[in-house]
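Think of it as A, B and C in the order they're written, each chain with its own count starting at 1.
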């Protein structure tokens, strides 16, 4: 399932992140190749959200080095916006802009950041709305859509910037159970088309079928990192085993 | 520009002579206004159009016009009308103090009734339903369930209105009353020292404001004792 | 009612002055409010202290006092400055229109500071993050995400500020501005009908506040049109 292209597109080396005295990330090193799908799981507070938020610099790491798509993440502001336009992010709470229609939500960034023309932005937006299977909602407002629909719109919105990498921060955690699969289907489609993805989630079925690598984090460290078969059938670490038994028992 | 400290030292006691009148205006209007506000509230939420409609008109008029104009209408305007001059209330309406109290009361009554209404609307419907399920009558529910909660909810807005009322008492100086503002203006007219005098009286008003805020903060904390989440 | 005959013109021009005063003061109010909110939200300790002092002083001082202080104070300051150039000058009058609009703007601006500050803090941080994650710069995020959210949050309380503003304009008559109350006083001098005249002034102001209330209602409908269509 992984691309034969071997370029490393994300590289973390010895990354630490502190919130005051609390250390959220401890000496994290991680390498992601283009086209790889990584699932990150772990108990809450383990640092998994912090990890992906450091990748698009919504959080700033304190030590170590992060290189994303050829850009090293530093405090140079000019670079940040450029990096972010190449990395798409989907949030747990969707974060759609409530005062804009769906289609305008999708068109905003391409028009303002990439200076794309209105008609081109519109066409791209409709293309992705069709991809996530809700083109008929284009002129509605977010408040009129269900949670599952809103999250699919959020995915389409991120895709309109044609990112190289897509980050997902617990994309289905805020959804009613019956809507989870419609979002996971879109994500699976995206994976099959070759997108590099890092997904923080508890959806282990998704991890088994889509991931190239599953990472277990606990207390700010990467405890185990293995392809799904190894990870689920043959966990090496005690903490991983404990976590899996808790999460898979129901 | 020199700052005449001696003048300030001299004038502050004179200004403070007016504080009695300022407080009289404040407390009397506040009390009467609150009583009026409760009556207006009950009329407003009564559900009977012949009670709530006039109330809404009243509130609309008194919140939509400047209080200065209301004061002038009552003090300067009413004497024009014969039936006023011959009425039972004329001794009160003839005096600037009476007129000021009436104007301030009518005005603050309108604002406070809306504040109370906001408090009442803010009470969780579930609590009222629970009261009904227990068999409490409408009146009992209003007195024992709605009111205590509503009062706590509207304390911040009410305290703001008290401060507004305090500031409005200064307008009594425009109809010859010698409250703190009235005295201050008299001294300024004599001495041509607006900075010293007006700044001094400003400090006094600020102190009063501060005291009112502290007082209401204390009341609010006491009332919220049971509500502040320990969880 | 016939008493007003012959005075309609004057009241019209007086009302126009009120409108001018309102517009100028509104513009300044927004300016002061934004500056104050920016100062309070900045990390700068000095800016915050000044802004806090500003809100405390202007929310706790009677409006009439602020007006008088500004009017007399500016006249004295202006006279002092003029005397530098020409020692013969005894007294320079400061136009009451500008003293009045500035003073009112400072007062309402102190309330607007809190409103704008609250609106800024009330913006959903998730949306700001989404905008940044899409690559929108700080400025673009501010323009396309923060500001649309902010003005919608600020609108209801700011509508109230505008009502206070129009009512405070009546006070500027105290420092001699020739607006409606001034016209009324002249009319009373000729017709001896204070009740009629002051009621007319009340009606004029009621008209203005109604216009403001209706405008705010229309704006609120527009602001919330993305919500009212919810399932």
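Definition applied: a contact is a pair of C-beta atoms (placed from the backbone, for glycine too) under 8 Å apart; a residue touches a chain by one contact, two chains touch by 3 or more.
This is a predicted model, so every value here is computed, not measured.
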item	value
Those chains which touch chain C and also touch chain A	none
Innermost chain, where centres are averages of C-alpha coordinates	C
Mean-CA-position distance for chain C and chain A (Å)	47
Where chain A and chain B are represented by their mean Cα positions, the distance between them in whole Å	56
Centre-of-Cα separation between chain C and chain B, whole angstrom	22
Chain A-facing residues of chain C, complex	124, 126-127, 129-137, 140, 144-145, 148-149, 152, 226-227, 229-231
Touching residues on chain B, where the partner in the complex is chain C	1, 61, 63-70, 72-73, 76-81, 163, 166-171, 173-174, 181, 184-185, 188, 194-195, 198-199, 201-202, 205-206, 209-210
Touching residues on chain A, where the partner in the complex is chain C	56, 58, 81-82, 84-89, 91, 93, 95-101, 108-109, 112-113, 140-144, 154, 157-158, 161
Of chain C, residues touching chain B in the complex	56-57, 59-65, 68-69, 72-73, 76-77, 80, 163, 167-171, 173-174, 181, 188, 192-199, 201-202, 205-206, 209-210, 213
